[in-house]
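What follows is chain A paired twice: with chain B in the first complex and chain C in the second.
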Partner chain A sequence: MSVLQALDIGLGFLVFAVAAWTVFARGAFAATVGYVVYGLLLSLVWIRLFAVDVALTEAAIGSGVTGVLLIGAAARLRGSETAADEKSLSGLPRVFAAGLSLLVAMALAGVVLLFPDEGPSLAPQSMQHLPETGLGNPVTAVLIAYRAFDTMLEKVVLVLAVVGVWSLAADPHWGGAPGEARAERPEPTLAFLAQVLAPLGILVGIHIFWVGADEPGGAFQGGAILAAMWIIVMMARLTEAPSTSAFWLRLALIAGPLVFLIAGVGGAVFAGSFFAYPPGFAKPVILFIEAFMVLSIAVNLPMMVAGPPRREPKR
Partner chain B sequence: MSLVDLFSVVAIGAGVFFFLAGTVGLLRFPDTLSRLHALTKADNLGLGLIALGLLPRAESTLGAFKLVAIWALVQLAGATTAQLVGRAVRRKGTAA
Partner chain C sequence: MTSATLAGFVGAALVGLGLYGLIASHEPLRKILAFNVIGSGVFLVFGIVARKGASAGLPSDPVPQAMVITGIVVAFAASALAVALVLRLLDETGRVTLSPDAWTKPSGDGAEAE
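Presenting the complex of A and B:
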């Protein structure tokens, strides 16, 4: 057994241990911390599987943005948590739940063991048609060309999530701004971090999006980094979230799926089928769509974190 | 083993030592502030030495620059988090 194999097995055990710790952790905050660590370990696993694109997404979305969302939820639930603990399952329902979980786990394990030794793969076809897209990164080709419709719908899901968050607003706050107002004197440490990190992060985010055409990276990862920068600046209270009734904000939220859909319909007219790209122009069209998706992701994620509107709209 | 390899081994080995010492401190020190103290040493010196050891192995100048940038960003994040945790402890009034 080589050193790398030993490290891989160690990493696998660590993932299991942190997952178990997260499940058994007492309190929502501790469980969230466990979940974030679990996500970071998982992105290391993806790197070891040479799936750098997935690793980037796991670190940015799975661990990063979801972690912030969960910490926010945990902070809001802090008061009510002990009350919920007392109402936890007991007796027969508990045994039933444990049995059901065990059954699902065993079924999943069984399926994994029954996998054929050589799994079915579309990788050769994916690589074969890569030149037609003008892209160098097969993952981006899968996301924006081969299964463009799915990716478009994923962006619609983000918009739906923001609509869901906003709809939790109290009646008088509808259309107002979420989150905290801009502070007169922001917390100096956080403000310093936000001021130094945001310009760098914006550069890195745009870079990740741009190299995504040919190397690991892409719209989702780049957009998530840009989103994180906005979240940090809002957390430091250097700026406040915009009013949810602002037209530019709503336009930015839907710009990605909208442009994607228009391009898809355009494909039906100019290239012969829904979501087809005209030969020779595939790459510019793809990058154009991706740019708007980056914008939408960078606006949707912070709006989810900012939560429902909490201030009355300015009249 | 060339001189460059020797440099890498020594620097990375020293970095790993600081990580180990920082982790032991995190697990063994009695209160939050001293645990933070142990942790920031691992971040700063440990990662710094590992990045230093990897520098001669970078494929290009850009790669080397990225290594230094990662170290600097972790410094920034680590120092900020340490400040924020320290402040939260002080506000609570207990250093437990």
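Presenting the complex of A and C:
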């Protein structure tokens, strides 16, 4: 057994153990912290599968931004922890749940064993047409060129989720701002962290977006890092979330899907089909779309984390 | 056993763990966590499809990778909406549990211990 194999097995056990912790831990807060660690470990597994783009997304969104969201929720729910006997199933139903879960896991493991060693693959096709897009990273090409419609609709899902979150506001708060107001005296440690980290993080985020054309990275990962920086600055209460009725905010939220859709319709006019890019001019169009997608992701994710408006709008 | 098969087994085990948590826990936040564990398990099983489709000089098929990236972002959006619903429930009722006993009996009475 090689060293790498031993590391793989160790990593597998570690991921499983931390996942078990998030499911079985006593307190919701402890479980949530476990989930953040779990996400980071999972991104190591993705690197071992040679899927660096996925690893970056998992670390930034699956672990990072989701972690902030869930830890914030766990902290707010702390006072309302239910009695121990209301926390989970007991007795026979619990045994049935365990049996069912075991059965599903075994069946899936069986399916994994049945996979052919060389599965069907679209890799040759995606490499064959890569020069036409002007990109060097096939994953970015799949996202923005080959499966552009899919990615555009996914941006729409983000906007719909923000609309859903906002619509949970209490009536008097509709149109107001979510989260806490800017603090008179921010917590010094957190403020220091935000002041040091945010400028660097913004550079890293833009860099990851920019190199995403040719190297692992891209609009999702870069946008998520930018989003995290805004979240940190808001958490440090150096700034406050904008009013949800602000026109610039709403424009930034929909800019990504809007520009994407316009480019798609433009493709129908200039390149002969919906979401086709003009030959020889594909890369600038793709980067233009991606830039607005980064903006929208960087605004959508913090708005989801900030939650529904909780302050009355200024009239 | 290759690292891809191993990752597939881990994914299968994660789906099982998450499914148990989703059914067995009465706390909504724990259900959201468990749901995310199921999701990442499914992504991992799909990820080995990508790894086994390695060809044309690529170590991994880019199409499943792109779909997993899309999936991770959509899973976040779903979690955010679910968390907002849970917090609204807390604001409205002051307590958050999905235990059937907790809502049919006056609080403090306790659920039946089976």
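In this text, the second predicted complex is superposed on the first by the 307 of 315 C-alpha atoms of A that agree within 3 Å, B and C clash if a C-alpha of one lies under 4 Å from a C-alpha of the other, contacts with A are read in each partner's own complex, and residues count from 1 in each chain.
Criterion: contacts are C-beta pairs under 8 Å (C-beta built on N, C-alpha and C of every residue); 3 or more make two chains touch, one makes a residue touch a chain.
This is a predicted model, so every value here is computed, not measured.
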| query | chain B versus chain C on the shared chain A, clash or fit? | reply | fit
| task | Would you check which partner chain A:I262 touches, where first means chain B only, second means chain C only, and both and neither mean what they say? | result | neither
| field | chain B versus chain C as contact partner of A:L197, first or second or both or neither | value | first
| Touched partner set for A:V95, first chain B, second chain C, both or neither | neither
| request: State whether chain B or chain C is in contact with more residues of chain A in the superposed arrangement. | output: C
| query | So, A:A181: does it touch chain B (first), chain C (second), both, or neither? | reply | neither
| request: Figure out whether A:T189 sits in contact with chain B (first) or chain C (second), or with both, or with neither. | output: first
| Thinking of the overlay built on chain A, is A:F220 touched by chain B (first), by chain C (second), by both, or by neither? | second
| chain B and chain C, minimum CA distance [Å, superposed model] | 22
| Which chain A residues are contacted by chain C in one complex and by chain B in the other? | none
| remark: Listed in rising order, chain A residues that touch chain B in their complex are 189-190, 192-193, 196-197, 200
| Touching residues (chain side chain A, partner chain C) in the complex | 4-5, 8-9, 12, 15-16, 19-20, 22-24, 28, 31-32, 35, 38-39, 42, 45-46, 48-51, 53-54, 57-58, 61-62, 65-66, 69-70, 73-74, 76-77, 80, 82-83, 85-92, 94, 97-98, 100-102, 104-106, 108-109, 111-113, 115-124, 126-128, 138-139, 141-143, 146-147, 150-151, 154, 157-158, 160-161, 164-165, 168, 170, 220, 297, 301, 304-305, 307-308
| Contacting residues of chain B [partner chain A, same complex] | 73, 76-77, 80, 83-84, 87
| Where on chain C is chain A touching in the complex? | 3-21, 23-27, 29-30, 32-34, 36-37, 40-41, 43-45, 47-63, 65-70, 72-81, 83-88, 90-91, 94-97, 99, 101-102, 110-111, 113-114
